[in-house]
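In the two complexes below, chain A is the common chain; its partner is chain B in one and chain C in the other.
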Partner chain A sequence: MSNSGLSAGDAQLMNAVAEAEAESARHGQDLTPGQWAKKNLFDGVLNSIFTLVFGSIALVTIWFGARWFIDSDWEIVRANLRLFMVGQFPRDDLFRLWVSGYIVVFMGGFVAGAMAHNAQDLADMQGVEYERATWGSLLRRFWTIIAIIIFFVSFARTALPYIGVAGGMVLAVGSRELGWRAPAAVRARSVYIGAALFIISMMVLAGTSRLGGFALGAVALAWVASETGKRDLPGGGAGMVQRWAPAILVAVVVFVVTVLLPYDGYGWEDWGGLHITLFTTVFGIGMGMPIGILLALGRRSDLPVLKTASVIFIEFIRGVPLISLLLFSNLMLPLFLPGDRPADLTLAVIVITGFSAAYIAEIVRGGLQAVPKGQTEAAQASGMSAGAVQRLIVLPQALRAVIPAMVGQFISLFKDTSLLSIIGILEFLRVSDVANAQPDFVGKGLAPVTYVFVALGYAAFAYTLSKESRRLETRLGVGVR
Partner chain B sequence: MNDIIVNADATEVGGTGNVMIDVTNVDKYFGDFQALHGINMKVGEQEVVVVIGPSGSGKSTLIRCINRLERHDRGSIVVDGVELSDDIRNIQEIRRETGMVFQSFNLFPHLSVLENITLAPRNVRNVPKAEAEATAMELLERVKIPDQARKFPGQLSGGQQQRVAIARSLAMKPKVLLFDEPTSALDPEMIKEVLDTMKDLANEGMTMICVTHEMGFAREVADRVVFMADGEIVEVGTPEHFFTNPQEERTQLFLSQIL
Partner chain C sequence: MITALLWLLAIAAVGTVIYVVGRLLWDIFQLIAERRRGAEDAELPPLWRDVKVIGIGAQIAALVLIGLIGSYLWGNFTDRADQIGLDLSFDFLDQPGGITIADNPLSANDTVAEAITAGFFNTIRIILLGIPAAVILGTLVGVARLSNNWVLRKLATGFVEFIRNTPPLVVIIFVWRVVFLEGFPRAQEAWKPLGEWFIFNNSRFAFPSLEGQDNFGAFQVVVLVGLAAAAGVGYWRTQVFNNTGTPHRRVLWGLGTLVSICLLGYIALGGPVAMSKPMLDEAGRVYTGGVRMQMPYAALTFALILYTSSHIAEIVRGSILAVHKGQVEAANALALSGFQRYRFVVLPQAMRVAFPPLINQFLNFSKNSSLAIAIGFAETTSIINNLFGQSQPAPQLLLILMLLYLALSLVLSLIGNVINSRLQIVGR
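Showing the complex of A and B:
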């Protein structure tokens, strides 16, 4: 086929894109500001009225907003910045938080760079266009996060946060570049590297523990099994042994080494602020995802016990407000758990994980149902086992289809974590109340100041997430069919 | 080959004379609705059987029973000496030996063309990756689109997709190929390239059952044509027989509509 075999739909789409670009070029370049305003703002009577009315509303809002901003006493935020960011994390151990944060930033940058390069390679291989990110485009994508971080830091009274944040931004840029330049073999494994780094960053804070060893062992297990799975293995039991024996061996070694390493951290009783908000969100989604996928598969399973258990779990969790689940976690869950009463945050994280798992399960179920029956039939017809059909054909397509919905769930969980305040956890929103109860500030009516500060924080992260999700949507619609 | 076979049971065997598929007294119900009524059909090794019939006559259901995409309710189906039972290993053994090509291609959109073709051999037969890819490239040569190996299905034309689907089913080195209206979803200009591929296969001695209304194809390569209506086999014969001398009224009516 000529034209590298693009189908008619693709050609149309590319034409549409080219036209839109040309259109925006016409707008941007050929019109003087006056012409542009006439064309877009005062094009007809109705449009002119809209422009005047909404323009005035906007101007008045900005005017009063700015005056309020300038006139307000922001001392309460300055005095409590650390409390807002990291809660009551001990001052002497703050370096752990920085190290941990830097590892996370490095991981994010590295994985993003590697993935972007992988996507570019794939596009090249198929001979399609790939829009490579530039520093400018990355700035446009993440400017809200960058702005909010700068806004936060501007309340700092010492130099350290400035230096630390500047260092973090340099690290983000550098690690993305490093990820982009990494050899293809490393890039292909960036997900495992990222997962391991994330767990290590947690252990920098919390110290080595069985839980950490278990998590790191699980990553090692998945990684090694994927490596051995790439070799040509014999069928049946021998193949299973050759695939899983090395993986299990490495996982056990990783677990034992991690547990034996003498490194103490802080339990998360002391965690708080924005840190805990971000952590519970990421953890809730990260752990909720695999559990949710299993629940979704369970719900579709033919085994009645599995099916019923999945349905009951999903419907119960979804039928009950998160607040009541959190109260339940605080008051009743300890009665069911063996040993001493766990930390409040442990209980809350269990609930948050279960909660997001139930919602993710329903999202995934929607994705599974959207995979056409013909896909399963084609795979079955070639003799693949039911498990292989789910794993290799149905799940990958279903998960790809629900990524945008998953990001939506991510955003709502991010906001829902503010409910942790109900059970006395010092998350981002609750810091506001604590600050307003301090002797220096109590009764001064400063709640609006702290609430605006907190709201801006939530909005900046949520906005970037939802923008990224829309970007993914178009990406997936166009790039991957 | 016999000149004319008029045999409502379709149990004469063409090809080399060895029976490849043996369908005996098969009934199939969807709830209360009986989709197949006492079907008897044998297909010989290297034989090409074309199945025609009006919409809803049970053509798809019949060939989907042969690889157990549908479960038949009565009677027996034997493929290459293995009788279909409810045992999943038994079903998979038969599925490994029978390839199927669908009207809507059903390529895996998240996998490249090459991966579509190598997936089953690697996963089911444990063929080493390099070997599976070499075979896949040979098959793509055979269906005349080796340059599309790295593309994704969505980037191909319908005709190219269907040829990939044929290559995919050939990758398992099946003994039988089942085609369910492989050209019905294609634009006219792409039908020929797919039919040509199927003709090549027939000439190479592949055993095939094709549900298709391409009578030109039937005339050229079919050893036998089976006409179905209302879940029954109504008439069986050579393509010549159907063109010149169809016996049953329902056959004549149907042919007058499609020819």
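Showing the complex of A and C:
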């Protein structure tokens, strides 16, 4: 439950921080070690005292931390590594997780490579300088996640996870290269290909018979993707066929696979651990985004009914703590729904979708307010319909401005999914309670070990994401100009 | 308090419906009148191209849709409630709640409403202690991140980046289970620095406190007089400063007045207050005297202070950086000292930038206090969770829970907005 909305003050803050960081990066490069120490450590009496006091605090902390790290009994993590990562996913079907994970990694790498190349093409076209990310810079950006994955894998007792993770890293590198080298037409549709890959990975996990809803989701995603693809296509516009063909294709494929293949996997009631944490976050943001955009538009509308309804929904959700909403999902939501009680996670995901929609609505509203009024007026003057003004003129500018805040919301939701443990869903944090209650480990005071493991996991992912969001901020120049 | 809130909700709901339907009807009447007038001049677009008609049609459609979905869900709900025999009245609020809270006069015979109210006061206790402490710690850390000193800077950065990126729930559980439960000794081996005055063990902390003796009522009057006198002196010094420009030092003057009046009163009334020392029973539990702080309360507040201060540190750092460089240079050119530069030039401007995001953090703090449910500190959420366990009706209790937090958020953001509007530059 953190940063919400993008007020003018926030943008001002972020901008100031970015400038100061650039400034400090420029300075202090050509100092000898002696000069550097004089300037940064012993500049005056007070400064020297600070250095000594806080330096010794830091050293003591590091010393005891390292000692604790080495002396602790990590057997509890070793024995429960699978529980931490994927919960109680059936052991014989673990291949599904690996395959779907590989598909997602491939999707990420491919889309990232293709988008980077697209960005370079665009920069070339506009005559702007484009700095291509090197492998070194990528390593610098993502070292925390790589380190934490290696840390996680180091607890494995068999060779399989090592091989699997190594394969995944090779795949990430290879797919990025593949995305970079793909032909322009493929690159222009990379988002759409990514969405399709994501759905396929879900089907590998959950089978087909549980996927009625995904068929619908696929149509929506493919539509969004084909819109994106259309804008990025060389030459600009595209005909009706080009716009709708991919969407229809995906819908048909998903429908056929769903109906014809009696292929049964494991729905999310069988998932758990870090997997469910990541999945809930992605799902909450992904589903919350369209609803949130609609709510933001509704809140800015002149029509009293739409405006009041949006305001009540947004302010209500933002005014109460997430845990009360989760209690609602657990105790009350089943009473409102017909039929048998759905899985706990289904109920929770419904609520989390609404929750993130309300926060995203406020972020998007900030972006909408940042679009100058002249843009709307110019669009109207050129005879666009109200829908076209929003879709083609206002929303693209507004959404571009709020990408960093959206990443912030993603981080925040990622952290908030830990609350699912309170309503008894076996996600990343709750595994540590479960592990500490096992007969082998109960009452041995191993809580610190598991909590440190969990905290490091959360912190590493969130840290990388927050650094990425700050990077995007500078790249997009939000708040500048 | 709870019944009042429920009435407020009912009034707000009815008011909203009346407003929405009324606006809609008013718009429809106006539209009809306009089209009648227009029909005579025959210059209106056809019905299906008229923006106003489309707008009203869309709104009616939205209302109907909301109504249909709502009545469908409500129908499901009442059917289920009938099936499982759920009582949807609010009579249970006056039944005995069966909730007891450690170190609280609440007994099991007290009503549900009283139990919830006691929990809500505990929520407020967390907020009252936590928010100021988080602001102070956050400011210190934020300034430390801007320090020239490399060690201090890196230490503060590490703290902020690690705590900020860890879920608050993990911070709370870690502080509770690891730092407090394992870090502090058991009750029998309580840790007592400074003799018996401060007692720390893993079930509660105890501090000395002030306790009223004879003449305590009279002393309270003296303190009030002292406060009034201090305010008067402060006002007078401000006037002197405004008229003559001599340094006002109103804080010093005010404090001096207050302390001397209180001291005189204390001596004259023969020691109306005395220090109260926490006393131990044979089992080593603190049972009387002093201020006793429940362990879950201390753990929760401490963890939330840590978490929130890491966010506040970022806000403080950003807002100080946002003050234009020219301002600092101008202050230097006026030969202000380092402290004066901060006090009169940088901080007032930084505060203006920092305050709106700070309000957000205060709201987050109050909402995050509901995570007490994970460690069992008896504030609003965990008391209501306990009431669920005693088969009290969930729908009404959840409604009350959400209403209490809504009211809290509303009040906090109102206070924040009032302060904010006073901070911002007036005019323009």
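Note that in this section the second predicted complex is superposed on the first by the 376 of 481 C-alpha atoms of A that agree within 3 Å, B and C clash if a C-alpha of one lies under 4 Å from a C-alpha of the other, contacts with A are read in each partner's own complex, and residues count from 1 in each chain.
Simple rule for what comes next: a residue touches a chain if its C-beta (ideal position, glycine included) is under 8 Å from a C-beta of that chain, and two chains touch if they have at least 3 such contacts.
Just so we're clear, the structure is a prediction, and the values are computed from it rather than from any experiment.
Annotation for chain A, partner touching more residues between chain B and chain C: C. In the superposition on chain A, contact of A:Met384 is made with chain B only, not with chain C. In the overlay built on the shared chain, the residue A:Gln120 is in contact with neither chain B nor chain C.
Of the two partner chains placed by superposition, only chain B is touched by A:Val128; chain C is not. When the two structures are aligned on the shared chain, A:Gly374 is found in touch with chain B, with no touch to chain C. By the touch criterion stated above, A:Leu392 is placed in contact with chain B alone, chain C being left untouched.
After overlaying the two complexes on the shared chain, residue contacts for A:Ser72 are found with neither chain B nor chain C.
When the two complexes are overlaid on their common chain A, residue A:Ser469 makes contact with neither chain B nor chain C.
1, 5, 7, 10, 386 are the residues of chain A that lie in the contact sets of both chain B and chain C, per the superposition on chain A. Remark: chain A residues 1-5, 7, 9-10, 12-17, 19-20, 39-41, 43, 47, 50-51, 54-55, 57-58, 302-306, 308-309, 312, 316, 318-324, 327-328, 331-332, 335-338, 386, 411, 415-416, 418-419, 421-422, 429, 445, 447-448, 451-452, 454-455, 458-459, 462-463, 466 touch chain C in the complex.
Against chain A, the residues of chain B that register as touching in their complex are 67, 69, 88, 92-93, 95-96, 98-100, 102, 104, 106-110, 112, 119-120, 123-129, 148, 150-157, 160, 165, 168-169, 172. Residues 1, 5-7, 10, 125-128, 230, 232-235, 239, 372, 374-375, 377-386, 388, 392-393, 396-397, 400, 480-481 of chain A are the ones touching chain B in the complex.
Those residues of chain C lying in contact with chain A across their complex are 16, 19-20, 23-24, 27, 51, 55, 58-59, 62-63, 66, 73-74, 76-77, 80-81, 147-152, 154-155, 161-162, 164-171, 173-174, 177-178, 182, 311, 314-315, 317-319, 321-322, 353-357, 360, 364, 367-368, 370-371, 373-374, 381, 385, 388, 394-395, 398, 401-402, 405-406, 409-410.
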